[in-house]
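Each structure below appears as structure tokens.
Okay, so chain A shows up in both of these, paired with chain B first and chain C after.
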Partner chain A sequence: MKVSPENIIELSERPPRLGEQAPALGRRALVVGCLLLIAGLGLGFSGHHGLAHVLHAWLVGATFVLSIALGGLFFVILQHLTAAGWSVVLRRQAEMLASLIPWAAALFLPLVVVTLLGHAELYPWADHAWAAADPVVSKKIGYLNGIFFTIRMALYFVVWYELTRWFVRNSVAQDRDGDPQRTVRMRRSAAPGMLVFALTSTFFAFDALMSLDPHWFSTIFGVYFFAGCAVAVFSTLILGSLALERGPLQRIVTVEHYHDLGKWLFGMVFFWGYIAFSQYVLIWYADIPEETIWYKHRLHGGWQYVSALLLFGHLLVPFAGLLSRHVKRNRAALGFWAVYMLVLHLADLLWLVNPTIGGHGESEGMVFGLTDLLLWLGLAVTSFGVFILRAQNQPLIPARDPRLDESLGFENQ
Partner chain B sequence: MSSSLAGVQDNTIEDPTTRPTLVLGQNDFASVTDKVCRIAERGGATRAWKIAFTASVATTLMLFGMIVYLISTGVGVWGNNNPVGWAWPIVNFVFWVGIGHAGTLISAILYLFRQRWRTSINRFAEAMTIFAVICALVFPGIHVGRPWLAWWLFPLPYPQNMWPNFRSPLLWDVFAVGTYFTVSLLFWYVGLIPDIATIRDRATTKIRRVLYGFFALGWRGSHRHWHRYEVAYMILAALATPLVLSVHSVVSFDFATSQLPGWHTTIFPPYFVAGAIFSGFAMVLTLMIPCRTIFGMQDLVTMRHLENMCRILLATGMMVGYAYSIEFFIAWYSGNPYEGFTFLNRAFGPYAWAYWIMVSCNVVAPQFFWFKKIRTTPWMMVVVAIFVNIGMWFERFVITVTSLSRDFLPSSWAYFKPTTIDILTFTGSFGLFFSLFLLFCRFLPVVAISEVKAVMPQAHPHHHDDHQAHAEEARA
Partner chain C sequence: MSETRTFGIVAEYGDVDSVMAAARRIRDAGYRRWDVHTPFPVHGMDDAMGVRPTILPWITLGAGLSGLGLSILLQWWTNAHDYAFLISGKPLFSLPANIPVAFESTILFAAVTTFLLVFVLNGLPRFYHPLFRMAKFKKATDDRFFVAIEARDEKFDPGATRKLLESTGAASVEICEEPLDGQVLPGWVKFVGVLGITLAMIPLVVAYRARNAKTDTPRLHLVGDMDFQPKYKTQAASPLFADGRAMRPQVDGTIARGELRENQHLELGTVDGNFADGFPVAVTRELMERGRNRFDIYCSVCHGYGGQGDGPVALRAKELGEGAFVAPTDLTDDYVKKQPAGQIYATIRNGIRTMPSYAAQIPVADRWAIVLYLRALQRHSDASIADVPLEKREEIK
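Up next, the complex of A and B:
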């Protein structure tokens, strides 16, 4: 579309917002999500693995929500850091996704409390007696213990919340005052922001996911988690834009933006594959038992199918599927791949988490069922509800961003 | 109006309402062509060039002398010992391959990211890439022990039915670096074609016309030529992008697939790639800053370009620092006594001096780039960039030598000391690099003329409308 100055003035005076039916939709999502959660919890607690299964499924679902929020934060910081122009009309969506961080903190609260109380169903090291007796874990008891874990988790969420708040507050304030200096200030804080983001998300991945098997370690693990966040957020942004383009963002989000989002998704799928392959091939090649055990759990007892699913489904198939320019510029096709990648991202988290059911670094084989699906869906749907209820408070685009016209008129070569 | 005038003078001011001008001064298409081509068209070489070239060639001859001495005598002339079987040659190899990363990153990845400022520096950086990879290839070639059998590295069918070990990352390296070199060379050459044609068209002597004409492949600048060119460039950029990642990832596999603490760690591939880009950009800055002054190209390679490179240096330096910290943390977290020892040994053992040189140069030095004053003062940038060059050599030294010198068996520990031959061979490789580089500066367009023109305001279809508007504004 050709953007005229009149369009831009109109946009900045009456920026697009969510429709009036949004709050009702949000509330409905909350109700449905809560029902799903109740069903999932009921089924889970009555199942064979009881609390252990519930906690693992909950961790997968909560990490899924958090990974999208963190991906949103990463997207926002990255756009400011690089002074990007093409993405301005998408940035508010990412800001709203990042604003889910306090909600994600609430989702992690039960897991942290259970661990702090010394229940070792999720994190074996929470059992202090076991940890002290284990020859390896006893060496890191100063790091892996309930109190320090709680402090670190609190720190990560506070840092992410503050980062999000800083960027969202300035961005929303700019909707009102249109001060371009805000953009300069946000760019300036983007660099240290990115640094803090990298360190906190890495250590979060170590603490929340890697320490499920407290014997195992991998230096690339933080980057692996980050790659998953990036895949998740670009998928979500594609879906969000598709949904909003039917309403308030019509003629604001264009095929050119989908093309770029598609390129990013393709790039991040490949990046995830690169990181996953690097980790696997180095551990496979050196063949040191203390490292290979982690993959052994994931190559036996049914998990080998999930491993194969990740290799083909999370890397090779979407690589081929997203390669073409036509796919990235076709809304239906790109929307399909976005949903597909979110499902595969869940499979990736499942593969990281559930093989550790059984505790103490042992695996009980394939523990996966309706409990997981109900809890994931419940967490995702309630989070969607929270997202909608929060997103109605501000315009859907940073309407007076100085680079808005660049984004509206953006074209790929 | 006043703000746009100020923008012409200083394009490093952050103004989100407008994009910085990438070509300064009163330049139009003709003056850009003239400015760049003149460097390659000087009748006789300048005195400074002759002195520099003579010195470089002499140093290159020393490198060849060292190689002849090595081959005729044996690897005993190096400081390599048992257990430090991989020493300076491998360190130098990784150092040079790393330097060879900036070019393709700038030409491929920054191209895909639509970073228009890359146009002024990509030619230069790509040339540097190719020369650095040539220097890199020397070292594994002479390190194999019996260099006359180095061709066994290639999977050639011959009667003894001997094949290279396809499971060895060292062999993957042959393919990875070979592919990278080929694609980088092609990419560089494809980009050069329109500019070589420009020099051909300006040629005043027959020999120049024939030679540049030969390499211009009959370029006429027709629409069809440009169309094909753009498509080829895009495809090469897309092919080169994964190569930027793959080369140094495979180089990192040489170390990380082993079981040696300090070598075997899963973050190595992305960490090596970040380090390679870091060192490559440092070398681009080191060479670009003096060159832009000598050739009078401050209007084309502006302060904005240099500042952007400083930012990339800062970002990649942070990534390297991240990897150092995570390695250290996990060495402790693993609870593995060998891992823990290796890292403590690096920081406080006999090679602590090398470790702290590495940390100060790679992690501390780039921190100065947080300050805009330093990001916009050329001599300060050169100082930081040279520190980074030194630091990145030491990084490879620390990784390679400290891990080997003290491994699992204390009875076989040994301290490595380089010999004079080691030092002279490494110095000689700089001679080779600079000889090629000086030839490039003398005979080829050091800036991608046609690409720079595309980012000038004159190339914008509405440029002349704007002019009119500005004129009216000024009149009012």
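Up next, the complex of A and C:
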């Protein structure tokens, strides 16, 4: 099922695009998503934990969307960094995922504003009086305060936006002019880009997720968050390719690409486990109360089941499930694992965020319910809508990338 | 020229497509012992040749799992069973601590097995192959493609096989001969091999001998200036001084810094050679608090926060139940209660029987603070309602 040279020329002249029904689908997703959000907000505010629960659930949902977008950015930079040929037909999908970053910024805006206004339901350090009185947090006020937090958040999103824009703009422009120099330029900027990405995503994880419990710290936390992003984006790319292969990307995405995406997903699942365990074992070994408290919250009051779910469901089971080459080359099986990993990724974020609902970094046991599900679903579905509406503007593959034929004819040895 | 026999029939092709087509036909004709030689990897050739999937992944999986199991067994055996050794107060057999080693061994076993098996399954190392006798075959590393069907294949038939190959559009078809004695290793290779193995045994033999023989000669010192440092150890002799001692006694009529023990009550806890009752320092609330703080840090691990001899060290020792252990004294016992303050002070300073001295860790003032706090603990141990001030009695009802 090779694509012949003539086909490649035709591809680059009339590259595949989303079908006619796409805008309608996108708009419908937006409407459904908004309804879900309204329901979730209504339920959340009337619930026992009110604003605190809504903010935490929102943080999980927004981080979920952002993690896919960041994963997309990572994927794009990585392909340029390594001058990868196999992935060219997938790269545009990742570019479009990364283009969700401004939208993700909008999702984080309410959280930042609430914190800036001094509401401490989400980030306890936003309560100045409490922070100043706390012997540990008082030392961190210079970093953990509303204004500096807002500045940093703005910085992360601006940096990510600029990175994305640079890679996407060049890639889309190449669709028109076919200038191979663009590929060279993107490769040159990939290394510094990766460095900036690593630093910003690490500090984002510190600020947005780790500071939920401002006493606690773990230097590997940024990598942990990144591992989640990687798991999320490879799952999403698998699902995106499966969906598009039924239409415009037919005979462009092949089983060989799934095989490679599957390898990545498998690798990242294990990487996540490796990092999660690295964090755990050091804290377990040292056994210092100021560090173990974080796991204590997550091993009591119902959270211990989520912890066990992550150990088995996010690591051991998918490790065994994705190990075989046959699974990676089987569309249905790989699709199942992609959906599965996205669900478990949500569980991971839930596990990071919700145990701090008790306020001031304390746990109140298992706070989780329909509110969370409605808000997550609402955020995911609206984001899907935005994604579709933006994606229809460009071709679905970088049609004049110099390595396109390599990617089309790619075969695993 | 020595005698030869037919190794197989070799066909030569000029391009990928024709060799692929030929491979498919030979596969369909049912041959098993044949191979294709190309200057570069050709995608889809496995399929065209009908190469069956290798069992290597399964062996790798098995090796990985063995590494996992064995390493956990090893850690359990060494640390929890054969020589139970408590580390950082963790359980003797605790999975989190074992995982790094288990993880590494899984990979080690899987990787080394795979690496070696790739050679074995490919029939390597191999010093000789009959195809190399054909001058033409050198082009397999350049721009020609070859198919070789071996004579040991069950379907091999000189005439029919040749015809089959000719019908696949081969540029040439030739018979490849191999010498009957071609598989024999040259003598010098055997010699080098035996020599190498013999030499490799020498260190083992030397080590074995050294472990099982007695000797008068001192061992080799590889890093001499670490083993023999130019310095005197405590109690060592020195020819430099008339009395032959390297340690110098205090010069008469002098006192070393920090060793002026003018106030015996304060420094030694004694007055005129007897343990003193009462405190040589002002008894204040701060001193009491300081005492609690120091006691909790230094003494509670053994004697317990309440002083009753039930600290974690004592409890753990009791659990292990090893005979020689002397339990820490219950400090609220009458026997200690009756001791004058100076005696308890002296216990901290000098240690007593199995309890070591704490003089090095705890300075004089803190020792008295601890004694004071200990007095409070003792008082507390048999307190009655009469000890509670009237206005506070309501609170504790």
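Quick note on the criterion: the second predicted complex is superposed on the first by the 413 of 413 C-alpha atoms of A that agree within 3 Å, B and C clash if a C-alpha of one lies under 4 Å from a C-alpha of the other, contacts with A are read in each partner's own complex, and residues count from 1 in each chain.
Here is the rule we use: a residue touches a chain if its C-beta (ideal position, glycine included) is under 8 Å from a C-beta of that chain, and two chains touch if they have at least 3 such contacts.
The model shown is predicted, which means the values in this text are computed figures rather than measured ones.
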Combined model on chain A where chain B meets chain C, clash or fit: clash
Partner chain(s) touched by A:139 [first = chain B, second = chain C, both, neither]: first
Which partner, chain B or chain C, touches more chain A residues: B
Partner chain in contact with A:411 - chain B first, chain C second, else both or neither: second
Chain B versus chain C as contact partner of A:325, first or second or both or neither: second
Partner chain in contact with A:281 - chain B first, chain C second, else both or neither: both
Interface residues of chain A shared between complexes with chain B and chain C: 281, 285, 287
Chain A contact footprint on chain B (complex, rising order): 14-17, 19, 112-114, 169, 242, 245, 249, 253, 256-259, 264-270, 314-315, 318, 322-323, 326-327, 330, 332-336, 370
Chain A partner contacts - residues on chain C that touch it in the complex: 41, 43-44, 57, 61, 88-90, 96-97, 99-100
Contact footprint of chain C on chain A as seen in their complex: 277, 280-281, 284-285, 287, 323, 325, 409, 411, 413
Contact footprint of chain B on chain A as seen in their complex: 82-83, 85-86, 136-137, 139-140, 143, 180, 183-184, 187, 191, 195, 198-199, 202, 206, 215, 217-223, 263, 270, 274-275, 278-279, 281-283, 285-288, 290, 402-403
